[in-house]
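Quick heads-up: structures coming right below.
There are two complexes below, and they share chain A, which is joined by chain B in the first and by chain C in the second.
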Partner chain A sequence: MPVARLHDFRWYLWGPALLVAVGVLVPLSYLVLRAFQGDAGELADLVLRRRNLRLLGNTLGLTAGVLLLTSAIAFPLAWLVARTDIKGKPFVTLLGVLPLAVPGYVMAYALMASTGPSGLLSGLHLPRPSGYAGAWLALGLYTFPYLFLNLRAALLGLDPALEDAAQSLGYSNREVARRVVLPQLRPAFFAGGLLIALHVLGDFGVVSLMRFETFSYAIYLQYAAAFDRVYAAWLALMLLSLTGVMLLLEMRLLRGRRYERTGSGSARTTSMSPLGRWTAPAYGFVGLVGMAGVALPVSTVVYWLGRGVEHGRWSDLLSAFLDSCSAALPAAVLATALALPVAYLSVRKPSWPARAAERIAYLGYATPPLAFALALIFFTLRSAPFLYQSLGLLIAAYALHFMAEAIGPVRSALYQAPVRIQEAARNLGRSPLRAFFEGTFPLLRGSLGAGMALVFLSALKELPITFLLSPLGFRSLAMGVWGAASESLFSVAAPYALVLMATSTALVGLLLRKA
Partner chain B sequence: MRNGDFPRPLRTTHYEIGHTLHCTINPLLTISCLSKTFSDGVLPVVNELSFEVEDGELFALLGPSGCGKTTVLRLIGGFMRPNHGSISFDGRLFAGDGSFVPPEKRGIGFVFQDYALFPHLAVAQNVAFGLRKEKAAVRKERTDEVLKLVGMEGFEDRLPHALSGGQQQRVALARALAPRPRLLLLDEPFSNLDAYFRNEMRDNIRAILKEEGITAVLVTHDQEEAMVFADRLGVMQGGRVDQIGTPEEIYLTPRTLFVAQFMGQTNLVLTHADGATADSVLGKLTLHRPAEGMVLVAVRPEHFTIAPTADHPDAMEATVLSRSFKGHDITYRVQVGPVDCLVHTHNREPFAPGDTVFIRAVEPAVVLDKAGE
Partner chain C sequence: MRCLIAVLAMFLVLPFAACTSDSGGSGGDGDPLVIYSGRKSVLVDPLVEQFTEATGIAVEVRSGSDAELVAALQEEGDASPADLYWANTAGALGVAGEAGLFSQLPDSILSKPDGYVPSSGLWVPVTVRFRVMAYDPGRVTPEFLPASVMDLPDNDAFRGQIGWTPTYSSFQDFITAMREIHGEEATRNWIEGMKALEPKAYPSNTPMLEAMMAGEIMVGLTNHYYVLRVVHGGDDDLRDDPTVATHHFGAGDTGNLALVTGAGLLNTSTQTEKALAFLSFLLSEDAQSFAAETVREYPVVRAATVPDYLLPFDEAVALGPEFDFDRLRNLEGTLDLLREKGLL
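And then the complex of A and B:
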């Protein structure tokens, strides 16, 4: 496909796209630049350290473990909702979505604060989780919704005619599930699994609270405690390559797999199979998931709030809330403003530069936040020191890192908005830009709002980027939870966690109602 | 100027003078040697296409799907740039010679196949969309006027999704007419309507356009629609125009095999021409133009008579193969010597398969151009 010809060149489309490409790629190149500072012997020593291998083992082990745990939760839950006659499906679905509103470090905090001698569950004499087990449980409990939502959508989208066909060819129910249904769920599983793997790789809050050494945690320690910038850069590069491998793996696995319904007309709805003797275990399972994923964090926070909040904490809380919003709101607006032209180019003017701009935005999203923040630090210290530790840089970092979340909804809305609408507006005397704003833009409003809400929510919850890039004296809600929880000041952390969960729940609820 | 009051264009009269006039005297729209190749394609979608449209004329581009007719319309509208050739309108060069007028500067009305009404705007807002430079009072007046013209008064505050297909279509027409364009482009505007409503809308719109003196180019794949709607039409195939003419010319004297077949059922015979006549397997045929040697001729089924007895020296004996009763007429498939022949007749005489009948061509057979000519 040819590059857009000169007469199609419009600065207001390509300007933002270029900005995104530069904003993501230039800092990452500084990471490489920084990593290769120092003499060869020193570099070899850094790269070939035994510790790196342990970090790799820990990181991969945690990723694999979390994938297993989330599958064990998400598969049965999705099946129950999509294929059985279980009662209260909207409620069960909600249980599968709500953990999204609980940031990982809040989940870790809930696990730590509910156990131990003074916790909510002290009567059960549970050991306080830490290390691999703690990180595994916290990450699994808060990331399984990504897999659940993907699997549920895939199950609901399956063509029941295929299963009927298999049965008419002599397959039993069990065989149909194994040979017809499961293979069709593969793309959904890979998509959800990739999101979870990226979260685990990029996670900092959980592993640091659980004191489990993965790449992210080690980068932080090197940067914050040891001040070894070159080694921190190397660790970030290793983490980045690991992320790259995941992305490539996913692409390889998904290549050529498109399982859309091929027939025409609207599909029949699937009949729901009765639970029968599985009724009790099914409800038990749902109850357990709800207890662990939703009830535990909420009740822990409420429990510690009930033990009293010191005076002065409320004003700290308010200022943390305002600090969080002062960065997350502009970031949401900026990310959406950048996402609109990038999505527009890729949908309406497909060409390789347009595709590249979109890919780069997704690359920024997949880049582990610590690595991205570190890259931005190296870049600003070297080339734009006045930006270092400025609110502007923090906002830009949020926007570049999370804009992919805004591209998604805008993209699908653009696909649905008829091209002819814009042509009709041109035909009635509007310039291309006005035709877009008067014809197409009104149809995108809902999606732009959704994209903005998603970015706002992510920026609000974001911990490592905030840590490394926040201006002096800046203290967000996320930093409030993490700071207190890492010192086992559970009652101090509780109000921050509550505000975060409440805001997230409200926004998620709003998004679900609109969807 | 665009939104101002145009003097009603003078009615041109050459249609009444004769149907054989091919060259327009004073074209409003001139398409010349127009070509368009899509970036991913090798073959041109529009290939060296030329035609002219007279002021006040209703012109139809007719062809099967994929023949490039919609592309031509979109090129005229300015939604695409041609690779070669030029488009000029009322003395202005719209495209060609390196110049290109964007769609918003062309002042041409466009009625889209799927109407493309703005889903977020009510009917009146949709119609007023092209009138933003007018004063509010003028805008309101014109909106009411065109809505009345298309019979949609009272629907001003409805949103498009609350309208039926036919109503949406009328709003789309009103929206395109509101800025008083001199040229209106219609892209298969009737194809989304059901058959009964389609005829009514077509006659309605034709009447409105004629009354307002608006020039229009209609794109369609339905030959009946093109013939009823248009003053002149161009039959397209593979990005080219095979023939341009009045509906009568095109139907009665198709120039090529494609046009003959596309315009309706026809009987084709390869025969030896001998000046003004040809002795064919279907009997002695008078030719519509003199020819010599082997030629392909076409005779429409209704240009035959069918009778139980040989009532004319040129009548050919035939055997009835099948009979389809269609209400207003009957189509017989008969065998004449080695070939099949279709005959339409109003004759109520009930021939049955197997009957012996006599057929005779009562109109001249049309000599078709040889392929590649």
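And then the complex of A and C:
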């Protein structure tokens, strides 16, 4: 039976997909509305500026650079964890995820504070990173986990029987890796790489601190310095069309591929290759990644903690922790719950509306958060004013904005999960929903956990949406860090940053134990 | 898995429980006063608490950057729940005024500050910050420092010993003011002259002052409160034997540019009385003295007592150049100039 015919129209699949489409497209329509507010002559002037071309070049250059850097970190690290006998795998895995717990602007501060003539590492005479190099390094160091998590999950889910078959056909180890394993990693690489690319496109915390002019930095400057919502909307739309091109590209590259096991029986566990003479370089590599991605920002924050007498109050810290969790946790659950049907439709029922729903989720991720928040203000007040500045709206905004992060892992797992089990359950008379929950869902648990962890970490660090949509009096940990650090009151900011990173670590550890 | 779900569920329920118990305990009568604040919460919270303690009026504060809040207020339009907008920059107040967000303030409020009141009467100044030159008193005698920032490039003795922060917003405001007061050409020459002295660029003010304490530079262009925060926020030794000191340029010099913070009453306010009471409180002697003491910014009320490390009120008012703050909005030209000179 063809896969696509397994389900007819099901509300529990299309309902969430429709919700996502509306939730993301509505903010986009706001941008279009704002963009066409100026008069025609002025609009042409805004769009055809020479400056926009430079922004485009900078943005593309940074995206490509960060993709290369993150691949160089994530591929070897994922391989070490999934395929070799390296010791302390849970710890190495955690090192590969924890940089996500560091807010981007803290990473940028850490790089700037530790280098240069008066930095923590002044003995090493490192130049102070700024501009392209600074943004490249800071973004690469804290976004590589997106790729690492996706690749690791894919490597762990591979059926070694394929490689055995290739080997029995006379392929060398290297050829097996190139012709069998790498192609299998394609969906994971695209999912992770896409997230990183979109993240770089949308980031302004890092690029503004490093003063590297990309689209998002220009958008930020338009709002911050010129208070110009029209030009900002144009820049955002240009950024989104760039995103659209990337999304189409990724879709073309993945079309019509199937990656699931088709053999009978269950997959054998993969044997781990011994590191051998690669032992020292492998541990050295892990150590370097851990130092740069985790130890550097953590020691910077600890250094902040020790250098002033002004500290915040414990009660403020506790309430910030509770506020943060009260929004980020439900958002993580909601985003994953929305991502599951959307990813399921796009993998198992690949019609154009299914693919469109998934692409739209990515578009939401790439919408600059400030514009996203302004759009939600605009529409909530006009359609459902009672929702405005409620915790529910904040949670929904986080979930809609970040759900793309949950789609990647779920989609990769769905590609690998055999359809046959679910079909067998159907043949045994289970309803479609029950067949899914008994046949496929157990295979997705790890990926759902990973997706939830990613959304949680992002929501915990988020600033512009939190500032504008949170209930009055809501103070998240990230707001505490930013509010004090940007006034140079680093000793006040430090406890918030530490609690933020500790919370992230705890939850990620919990969720990944099962993955 | 079951254990995981249990932990998640606990996390989900706890905060909601905490929220509901919070909202039951708020004091005061009626709805709380809602303030949108572009100032950081560390600078706002202590004053808000004092106000609530003194009047029993509950206050809710929404924090954000000036840009975010002005954009949000414009999107909210008539439906905004906010009563007051308290901004970090005069630029944001100017934009909010032009966009028609503010109501005219009564004379009872506008007459309170002894300076910096805008002619529009749409907002009222609350505190003032000044651009200053920080110097290392162990290596520089104050008599040796220039009376005008425009003469700084002539001081060859400072070659390689000057710190500045070209990427920082208040430095850029200062350059914008220079362009407006002295013209493009003079500003360009100033930047070129400074560059010839091989200044060291820092990402922000605190690292620059730390570099000064470490002996890396002798002088640096900064805002007055950063010096005070380093000297008076740190340990006692530093206070008794400071390694960083403040130099003000001559009265009216561009190098002393005043950066005003202020607040305005929003059209959408349903609680005008409470809002005016809050503005009135901010401009009271007590609150102004308290702000000077804790936030280390200058008061706008002559009667406020200031710590001995701040200048007396009249001297401070005479410091800054005569300048219309709305002209600080022309930032784009400044960024272009800094980029052209390779500083951004």
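List of remarks:
In this section, the second predicted complex is superposed on the first by the 301 of 515 C-alpha atoms of A that agree within 3 Å, B and C clash if a C-alpha of one lies under 4 Å from a C-alpha of the other, contacts with A are read in each partner's own complex, and residues count from 1 in each chain.
Keep in mind that, in the parts below, contacts are C-beta pairs under 8 Å (C-beta built on N, C-alpha and C of every residue); 3 or more make two chains touch, one makes a residue touch a chain.
Because the structure is predicted, anything quoted here is derived from the model rather than measured.
With both structures placed on the common chain, the touch criterion links A:L209 to chain C but leaves chain B unconnected.
In the overlay built on the shared chain, the residue A:F436 is in contact with neither chain B nor chain C. Residue contacts after overlaying the shared chain place A:L468 against chain C, while chain B stays out of touching range.
Legend: residue contacts after superposition of the two complexes on their common chain; A:L322 is shown touching chain C, with no touch to chain B. Within the superposed three-chain model, A:I377 lies in touch with chain C and out of touch with chain B [touch as defined at top]. Once the two complexes are overlaid on the shared chain, A:W136 sits clear of chain B and of chain C alike.
When the two complexes are overlaid on their common chain A, residue A:F148 makes contact with neither chain B nor chain C.
Between chain B and chain C, the partner in contact with more residues of chain A is C. Looking at the shared chain after the overlay, A:Y105 reaches neither chain B nor chain C.
In the superposed pair of complexes, A:M479 makes contact with chain C only, with no contact to chain B. Put simply, chain A uses no single residue to touch chain B in one complex and chain C in the other. Residues 1-2, 7, 418, 420-421, 423-432, 435, 438-439, 442-443 of chain A are the ones touching chain B in the complex.
Interface of chain C with chain A (complex): residues 1, 4, 7-8, 11-12, 14-16, 18-19, 32, 34, 40-43, 60-68, 70-72, 74-77, 79, 81, 91-92, 95, 167, 200, 203-207, 210-211, 214, 216, 226, 229, 233-235, 329, 331-332, 335, 344.
Of all residues in chain B, those touching chain A in their complex are 2, 39-40, 77-79, 81, 100, 102-110, 112, 114, 116-121, 129-130, 132-133, 175-176, 179. Residues 112-113, 116-118, 128, 130, 209, 211, 220-221, 223-227, 229, 308-310, 312, 319, 322-323, 325-326, 329-330, 333, 370, 373-374, 377-378, 381, 385, 388-389, 391, 445, 449, 464, 467-468, 470, 472-473, 475, 479-480, 483-484, 486-490, 492, 510-511, 514 of chain A are the ones touching chain C in the complex.
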